[in-house]
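Note that chain A is present in both complexes that follow, paired respectively with chain B and with chain C.
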Partner chain A sequence: MTGTRSASLFALALLAPALIYILIIVAYPLFDTVVLSFTNAALRPTYDFVGWANYQRIFGAGNFTEVILRTFIWTFFSVATKMLIGTLGATLLNAAIPGQTLFRILTMPPWIVPMAIGIFMWGWMYNGQFGMISGLLQNFGIISKPWPILAQGSSAFWATIVTDVWIGVPMVTIYLLAAMQSIPKDLYEAAWTDGAGRFYRFRRITLPLMMPAMLTMSLLSLIATFNSFDIIWILTQGGPSGSTTTMIIDTYKTAMGSRKYGEGAARAVVICIFVSIFCIVYFRAVRKLSQGEAK
Partner chain B sequence: MSHLARTAAVVAADSKALAKPAARIRARSTKAMIDRYKWYEVVALYAGMAVFLFFVLAPFIEGFLVSLKPLSQLFSTPYNFIPQNGSFDAYFQMWRSVPMLGMHIFNSFFISSVVTLIVVVIVVPAAYAFARFQFAGSGLMLGGFLAVNMFSGAVLLIPLFRLMRQLGLLNTYWAMIVPGAAFLIPSSIWLLRTYMTRIPRELDEAAWVDGASRLYTLRRVILPLAMPGIVVVAIMTFIGAYAQQFIFALTFNSRTEFMPLPVGLFAFFGKQEVQWNELMAASFVGILPVMIVIVFLQRYLVAGLTAGAVKQ
Partner chain C sequence: MQKTTGLIAVSLLALTASAPASFAQDVKEISFINCGDELTAGYADYFKEWEAENPGFKVMPEVVGWGQCQDKVTTLAAAGTPVALAYVGSRTLKQFALNDLIVPVPMTDEEKAGYYNYVPDTVTFDGTQWGVPVAFSTKALYWNKDVFEAAGLDPETPPKTWEEEIAFAKQIEDNTDFDGFGVVAKTFDNTMHQFLHWVYTNDGLVIDADGNIVLDSPQNLEALTALKDISAYSEEGPTAYEQNEVRAIWLDGTLGMIHASPNAGNLATEAGMNWGVAPLPLGPSAKGPGTLLITDSLAVFKGSGVEEQATSLAKYLTSGERQWAAEMAQGLTPLRPLEPQTAELLAEKPYWAPFLDGIEFGGPEPLLTDYVGLQNVMIEMVQSVVTGAAEPAAALTTAAGELEQYK
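And now, the complex of A and B:
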């Protein structure tokens, strides 16, 4: 029944709804972004092609390279922290201690609850006058006066990273936990019989065998973090004075704030190029790993 | 068969039968001993767990305590973590402060439900196609679907906005439903395909031999067997749709009566002096449905989260 022409036709018919949906809602807009980036499209219905003018303008303005650099620093620290906390969390959740199931459930809320609502709560915690962080630090005498975390450039930058880490950690943790549990138990038992200690087993068995999962997760996390919008928009809207403006926020402001669709599209294309590079790296890594597994 | 050979076979079988429980006992004791912690290791594990869970849950604890505090205590220094004469007043007042609150909660549910319905209807046949048929370009197409995950809605916002305007969908529920579903389809296909490949192919072939058409096979053989997988996909889609409704709702809809909860609250509290205790109370009411999902469907959830992730 396989391999015949009618089977292929049937499969294509089954795929058609999904294919058409994605072509209209994702592929066409992707194409349209590239086209728009060469025009001066704005609110008015007509527009003209302007060649590379948008690209020349955004790269000529000077602050765009700054935005790119800031996005990479923001993404790097966020992903690195997520992976670190996620690995530690997965190790803890993997330990055979009473309460294991409860702890696993308690890890999930930031991932599952509406993102915006979690961010509202962080917004209050960061409040300088009355928020928890500034308040507790004052109560313990670590700082002497209110600390308006989101009103100062550098602290706002790190605060948005912390919130992004908070939202991303549950997914990383649960994923790495699943990977950890798929490691064959015999390996640990053999090592244990040979007298290997817990830390040695972790370093020599768990970590090397987790490498593929960690690589996959850090790349997926990298892409998600690079595209992170809600957190920064709700907490700071890219401020104060642009210190939390990442490429996504920058694109949104240009397109939806100033209604410069053409220029915004050019900024979006630059994001797409970076994401495509991550994409290629990701598929390469996956292919390399699956070849390694087949051996 | 010679006598000798039969004896040897019996002995072999016997010894296997004898060895089995011993091996099992050994395995069990090894497992028990390998998992035995010294007292300081147990203390370290629980301490680490406490720190980890505090980071994860602190905003919820603080948010809940804030929802109990009267505004006068909220806006007073020095800071007090524990509410004094706390009450649930905010949970009653918020309905008056945000007149559309009930509508926003309904919208959140409605949008997520329709998104889930669309995704399931589209994903089930597609996942079956990928699970069972080898056709030209199937690998490439599957890769293409996965690549959709790499682009966020935020990047494609401008053309999506123009598309919604052309289709006349701006400021309707569809402006939030249609793009929302698109970005949930690829991972759902992936998840369900993995599940369906585990259904034995012999079942399809048996139905085929009995003269069932392909569509009939899908409807009467595969669908019932894939039901647990479809339930997991539906739950994951609903949670995803419920958790991520922000950017499309923020950009493609400006009518208050259509806003889902996150944007409704964002818009309302952006306008005036923030009544933080009521914002937190409203947030908790919005969280409640997913909390119930976590408690009752926890088993499905862990299965869905891990299966979808690991099989990549």
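And now, the complex of A and C:
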């Protein structure tokens, strides 16, 4: 009994630094944000508690519901495209083809280039007057006038997704490539001996064994994309006419632009709730997957 | 003996080390945030002069880039650790004042009279002044003479009215491969500024002296309608471009006219353009030449403990000739009609005249309690009209209604 207690104390002692760190860095700010969301905190140093007023305001008036829907659409297309391209890329990079190392290196630049520089580069490519995309389309006679891609709501929306995909694909690819390389070779050899074709092997061996890695990557990508700020802010600041305003942009504009810290905190709490739901779904999926493997 | 020598040495060392601390206790620091890439020209010398006149106080400047400057100043103030003196956009003064973060800096009648008319208004709220103007910006019309000629227009005759401006833009669009006029409509603060130039060249207002929102006035309807009309002859997709990006298109030689600040002329000369500059064309209700009058100010923050000295420093830095020297070094519109400096400036650089003429009937950035809220509403209004999503009258009515919450 004493030994068990001593072991527990030892484990607690080992965990203590990490726990304290998490309490200070994560738990306290989170708690403070939740408290702030029930106040009318603004520029003035003092504030009052206003109950659910901030939540009533953001869901009752304005276009917050529209912003939430837009955020989900933006996130869905971005994550789905990243996962698709990442899986295809990892499969290609895993294949025994000449110049494999070179291709692996060439995958990395979007990840290596500082994000802001990459985004500014895309901003210039989207420019109607001086941008490469509009220029090429004009040169090939596809369009007759400059096409400022960020000028119209719909094209700006998709353009921000394209940039997010460009930045996010290398991480997905490398992560999935690592998972792919950890699949035992003898499984493929056995399937090949039994006459299984390439696509069959990919469908019945590669994909199922990569599922945990793909789930993990999907969740990480989902959270990062849901909270993606830099790309939209640098390219469009949420415009034109709010067509690229996602929840994180909306929250920033409220809290740091209009200095409505209480209302901004309420919006941040809503984001936090959504991300928590994603995490719960993810953990349940992982548990289901591991239970399936155990059987 | 050795021990005694050692003790003396340690004591001397301790005394030496404590000397700066004692000095620091005697000298009060005045923290000062200067927005920009470097300290404003001449300020380093002015600090020394002011410190010599005010023993016991030391100015501690910090240069913060434009992108972060306003946020840093505001966040420090909101956190209860304000900087003593800071460079801020005058548009934010009302918000700071209403939140009890800055102290008033009243001007005497003599001080007010020293400025161009309306400049004191840019820092005035509730009957008093809340900042010391430190930078001033006005706009004028630039045109590309080669583009005018190619379009069959007289390259030496700029438009004087909106009607002419729109007609000239159409002629350029119809007769050349160029665009007529540079419309600014990106989700960016200067989209609102550019619209306010139309407002102030037609005797319009956003908020009146009694604090009523008057955005949906007939004058502003004319202004927004004119902006809509000229958008038909602008660069493709104006909602993709902010002021400097439109200027870049004009400097590239593919745009007939833009509304811009004095620096555009220098850049056009560097680019080898054949250009001209004139007062902003006037709307049908105009009483005379106008422009938006944008000022930045030095604001004195509450709670630093050196408010009085910070006020004194602000007035010292922005007084007559010191201010003029800083303005000329930065290419800014002068805040005061100093003589003989103004006459000399116009004689040496006549292109400055349109930027000074427009001050007469110009107007300030509207002072509201939530400047960013105002900005977002105005940008949304301009974008909806420029993209054809809304008609000017409806857009103005919607925007005026939304502004009520920010007045």
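The rule we apply is simple: the second predicted complex is superposed on the first by the 262 of 295 C-alpha atoms of A that agree within 3 Å, B and C clash if a C-alpha of one lies under 4 Å from a C-alpha of the other, contacts with A are read in each partner's own complex, and residues count from 1 in each chain.
Everything below uses one rule, namely that a residue touches a chain if its C-beta (ideal position, glycine included) is under 8 Å from a C-beta of that chain, and two chains touch if they have at least 3 such contacts.
As the structure is a computational prediction, the values presented were derived from the model and not from experiment.
**Student:** According to the stated criteria, A:M256 is in contact with first (chain B), second (chain C), both, or neither; which is it?
**Tutor:** Both partners, chain B and chain C.
**Student:** Output check: A:S241 vs chain B and chain C. Expected answer is one of first, second, both, neither. What do you get?
**Tutor:** second
**Student:** Determine, under the contact definition given at the top, whether A:W147 touches first (chain B), second (chain C), both, or neither.
**Tutor:** The second partner, chain C, only.
**Student:** Touch check for A:F157: first (chain B), second (chain C), both, or neither?
**Tutor:** neither
**Student:** Give the label of whichever partner, chain B or chain C, reaches more residues of chain A.
**Tutor:** In the superposed model, B touches more residues of chain A.
**Student:** With the two complexes superposed on chain A, say which partner A:F38 touches: chain B (first), chain C (second), both, or neither.
**Tutor:** neither
**Student:** Going by the contact rule set out at the top, does A:W74 touch chain B (first), chain C (second), both, or neither?
**Tutor:** The answer is neither, since A:W74 touches no partner chain.
**Student:** Identify the partner contact of A:Q129: answer first if only chain B is touched, second if only chain C is, both if each is, neither if none is.
**Tutor:** Both partners.
**Student:** So in the superposed three-chain picture, is A:I112 touching just chain B, just chain C, both, or none of them (first/second/both/neither)?
**Tutor:** After superposing on A, A:I112 lies in contact with chain B but is clear of chain C.
**Student:** Same chain A residues contacting chain B and chain C, which ones?
**Tutor:** The overlap between the chain B and chain C interfaces on chain A comprises residues 129-130, 146, 256, 261.
**Student:** Once bound in the complex, which stretches of chain C touch chain A?
**Tutor:** Counting only chain C, the residues touching chain A are 71, 74, 77-78, 80, 95-96, 99-101, 185-188, 235-241, 245, 248-249, 252, 254, 370, 372-373, 376, 379-380, 383-384, 387, 389.
**Student:** Where on chain A does chain C make contact in their complex?
**Tutor:** 42-45, 126-130, 145-152, 236-242, 253, 256-261
**Student:** Along chain A, where are the residues that touch chain B in the complex?
**Tutor:** By the definition above, chain A touches chain B via 1-3, 7-8, 10-12, 14-15, 17-19, 21-22, 24-26, 28-30, 32-33, 36, 85, 88-89, 92, 95-97, 99, 103-118, 120-122, 124-125, 129-132, 134-136, 138-139, 146, 166, 169-171, 174-175, 177-179, 182, 185, 188-189, 192-193, 198, 213, 216, 223-224, 227, 229-230, 233-234, 248, 251-252, 255-256, 261, 264-265, 268, 271-272, 275-276, 278-279, 282-283, 286.
**Student:** Using the touch rule from the top, collect the residues of chain B that touch chain A in their complex.
**Tutor:** Residues 27, 30-31, 33-35, 37, 41-42, 45-46, 48-49, 52-53, 55-60, 62-63, 66, 74-81, 108, 121-123, 125-126, 128-130, 132-136, 138, 141, 143-145, 147-152, 154-163, 178-179, 181-183, 185-186, 189, 204-205, 208, 214, 218, 239, 242-247, 250-251, 261-263, 265-266, 276, 279-280, 283, 286-287, 290-291, 293-295, 298, 301-302, 305-306, 309-310, 312 of chain B touch chain A in their complex.
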